[in-house]
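The structures come next, written out as structure tokens.
Below are two complexes that have chain A in common, paired first with chain B and then with chain C.
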Partner chain A sequence: MKEIVVVSGKGGTGKTSITAALAFLSSEAITLADCDVDAANLHLLFGVKYDEGEEFYSGQLAKIDQNKCKSCGRCKAVCHFDAITESEGQYFISQIDCEGCGYCARICPQTAINMNDNMAGKLYDSTTRFHTPMVHARLGIAAENSGKLVAKVKEKAREVAVKNKSDYILVDGSPGIGCPVVSSLSGADYVLIVTEPTVSGIHDLERVYEVVKQFDLEAGVVINKNDLNISKSKEIKEYLQKNKVELLASFPWHQEFSESLALGKIVGEKENSTLKPILIKLWEKIKESI
Partner chain B sequence: MIIAITATGNSLDEQVDPRFGRAKYICIHDTENGTNKFVDTGDIASLPGGAGPKMAQKIIGEGTGVLITGNGPGNNAHGVITRAGIKVYAGAQNYTIKDALAAFENGELEEF
Partner chain C sequence: MKIAIASGKGGTGKTTVSVNLAAYMSSKYKIILTDLDVEEPNSSLFLDKENYDKTIISRMVPHWNKSTCISCGKCNEVCNFNAVIQIEALNEVVVFPKLCHSCFACSDLCPTSSLPMGRERVGLINHHFHKKFDLIEGILDIGQEQAVPLIARTIAYTDKHYSTDYIKIFDSPPGTSCPVIEAVKDSDLVLLVTEPTPFGLNDLKISVEVMRKLNKEFGIIVNRAESHLQLINNYCQRENIPLIAKLPQSRNIAELYSQGKLVYRIDPQVENEFMKISQFIEIKRAGK
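Up next, the complex of A and B:
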């Protein structure tokens, strides 16, 4: 079983669309994992519904025990996040603004402040409309994706993949280059980077590739919307050549992407899809590279 | 010398954990007397962020001279580790702990 992680650095390059298309078109057994938890939408394309799910805890939030509080206000004075408000002599901690640093709990003379584990969201182990197993998560209000949650999604996906005897785990990675991306990449066998010929596309490709290099992982690149800006596309190709990274495919800008998205369908799903042959070729190339 | 190895379980027959920061266990191998100690690092794995630097701190505290891991460490943790003078050997995720130690002794692991 091999794990392929798809990343992009920049948002909007087509990372999720391409991940979905590869999972849909491959003839191998796949388990999907959506680690783009902040803006998860892989489940929309695959027609997955959120069911009961498994509660996921991350970090802590402070709460005042009003029976013990003597309203001295020292907690409000030390809070760096303006999370504590006073109303008619009573103090309250906003569960949205609290960052869980624990300063207030530490200095409270009455020890009236408790640090409680924060239910950040839920983890789901679902089946798509194509019967592909898929592990994904949904965050609560004001909760953020974390390396921990990504690790959890990946760990669950591995469990599911073993149970289903999947050949590949296909991971829709987190955007950016921070902690969730580091966590997405850990344990990968191959990294697919999706980029586009724009100033920010190149900039973020370089940044995310630096992270991939740090992990000593095999990587290949797809340029999406290749004909949007020919000179920028050339710039990407030169960068890849210089860094000895394989260019796996170049996709033209194609209406099928936005059309499919509008219909909640996967690119390559409609009959006589123009992009289907390029996508299948891309998948073959990825398999050869692993 | 102390060799720290990221481990998926607490025995020498378990696989090397590809993760650095959120590894399940860390095996502390002392080359002087050949002893192995497994440290449960579940507390680090449950941090929402900054697991890598925390794990770096942990292995520095153990007096580590060499680290054997899989894909690790990310940039932040790597900075801490190299500044502490620890040598990193990555790409060992397909070995068991026992085999990884043998591979290291035979010079089969590559310094990262």
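Up next, the complex of A and C:
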């Protein structure tokens, strides 16, 4: 069983559309994992409904028991996150600003501060309209620890993949280079980077590739909207050559991406899809590279 | 006045709106643009790089001092993030800076002061000076995972250098979790940029819930508005959220964007949409 993670650095380059298309067109057994827990979209293309889900607790938040508090103010003095405010002699902890370090609770002379487990989101073990197993999550509103929720999605996806005897786990990652991305890259066998020929597409590709390199992972690149800017596309190809990264496929700026999306369909799903042959070739190349 | 430009989904046009709005409004107002998408900052790619100041940004993490440590294990006990681990068999304490949240608990509560806090570099702040408006951008070092401390510092840097009579435009990171919350929590107004697709709408709904939880005043800008616009229109009407402007779907805009060029003056229609955003901000500003 091999794990392929799709990232991009820049958002909106087409990660989810391409992940979905590969899963749809491949003849191998796939388990899907949506690790963009901040803004999960993969389920929208696969007709997956959220079921009950499994609650995911991560980290803690501090709360003051006003009956026990003697308003000494020591909690406010030690908090490095400006989470504690005082108003008319009463102290309050902002649930938005609290980092969950527990320092205030440890030093409160009245033991008036409780640390409560934080429900960070929900984890779902679903099946798509094509009967593909899919693990996804929804981060709680204004919750933290998305990196940990990503790790949980991957852990569950591996379990599901073993149970279903999947050949591949296809992971849809999040934009950026921070903790959710790092978390989604851990344990990957191959990284697919989707970029676009724009000033920001190149800039962000370079940064995310640096992260992939730090983890010593094998990677290949797809250029989406290739004909939008031929000279920028050439710049990307030169960068890839210099860094000895394989260019796996180039997709033209094509109506089919936006049309499919508007209908909640997968690219390559409609009959006579012009992008389907490129997608099938891309999948073959990825399999050869692993 | 502080205005955050945000979106749940990536690639909806936050940076396009931020840089063009800053350019449009700079003919009439004092503007400072700050890029808080520290993982992938792109605003500076759309402006001339003339001269700029560079500031290295660090945060505080504990450094273990073996010679005074009495192996009491207090540090291990108080760290909620598993960033300080005592290995009893070896009489060692190991600090993992990437897991550290800089709460100071281990350092302050160590009975022998054996974990003094010291600097660890997390990134840079570049301060670009332009004729029309200045740009401040936070850039996270590759390999650093926590964006939040640098976002907080970049906002503080902006506030230190630009007074409250400036209109401060904050280009925010995508998503709905900690980096976005840090970027928008001090703002007076949030402009959510979306696109009329099922992905755009799904992520917009989450962003709206986040803004409501944070008690933020907000409005919506639709980018690439052509077909399926009713998707967003209907939602805004139902939820009673102002739909401020609609930037058109256009190959020309996409090509100019790809070259790193500004688009607010390419035709009267586009310029008119930026005027609407500017007027919306002016009304909110007057009401403050």
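As a working rule, the second predicted complex is superposed on the first by the 253 of 290 C-alpha atoms of A that agree within 3 Å, B and C clash if a C-alpha of one lies under 4 Å from a C-alpha of the other, contacts with A are read in each partner's own complex, and residues count from 1 in each chain.
Methods note: a contact is a pair of C-beta atoms (placed from the backbone, for glycine too) under 8 Å apart; a residue touches a chain by one contact, two chains touch by 3 or more.
All values reported here derive from a predicted model rather than from experimental measurement.
Put simply, more of the residues of chain A are touched by C, taking chain B and chain C as the two choices.
When the shared chain is aligned, chain B and chain C each come close enough to touch A:179.
Contacts of A:211 after superposition on the shared chain: both chain B and chain C are touched. Look at A:58: by the touch rule set out above, it reaches chain B but stays clear of chain C. By the touch criterion defined above, A:151 reaches chain B but does not reach chain C. Of the two partner chains, neither chain B nor chain C is touched by A:72. In the superposition on chain A, A:187 makes contact with chain B only, while chain C stays out of contact range.
When the shared chain is aligned, no partner comes close enough to touch A:247: not chain B, not chain C. Shared interface residues of chain A (contacting chain B in one complex, chain C in the other): 59, 146-147, 179, 182, 211, 214. For chain C in complex with chain A, the residues that touch the partner chain are 8-12, 15, 39-40, 42, 45-46, 78, 80-81, 101-105, 108-109, 140, 142-147, 173-181, 185, 197-199, 202-203, 206, 209-210, 213-214, 227-228, 251, 254-255, 257-260. Those residues of chain B that touch chain A in the complex are listed here as 18-22, 45-52, 70-72, 74-75, 78, 90-91, 93, 112. For chain A in complex with chain B, the touching residues are 58-59, 120, 146-149, 151, 179, 182-183, 185-188, 211, 214-217. Those residues of chain A that touch chain C in the complex are listed here as 9-13, 16, 37-39, 41, 44, 59-60, 78, 80-81, 96-97, 99-103, 106-107, 139, 141-147, 174-182, 196-201, 203-204, 207-208, 210-211, 214, 225, 228-229, 232, 253, 258, 261-262, 264.
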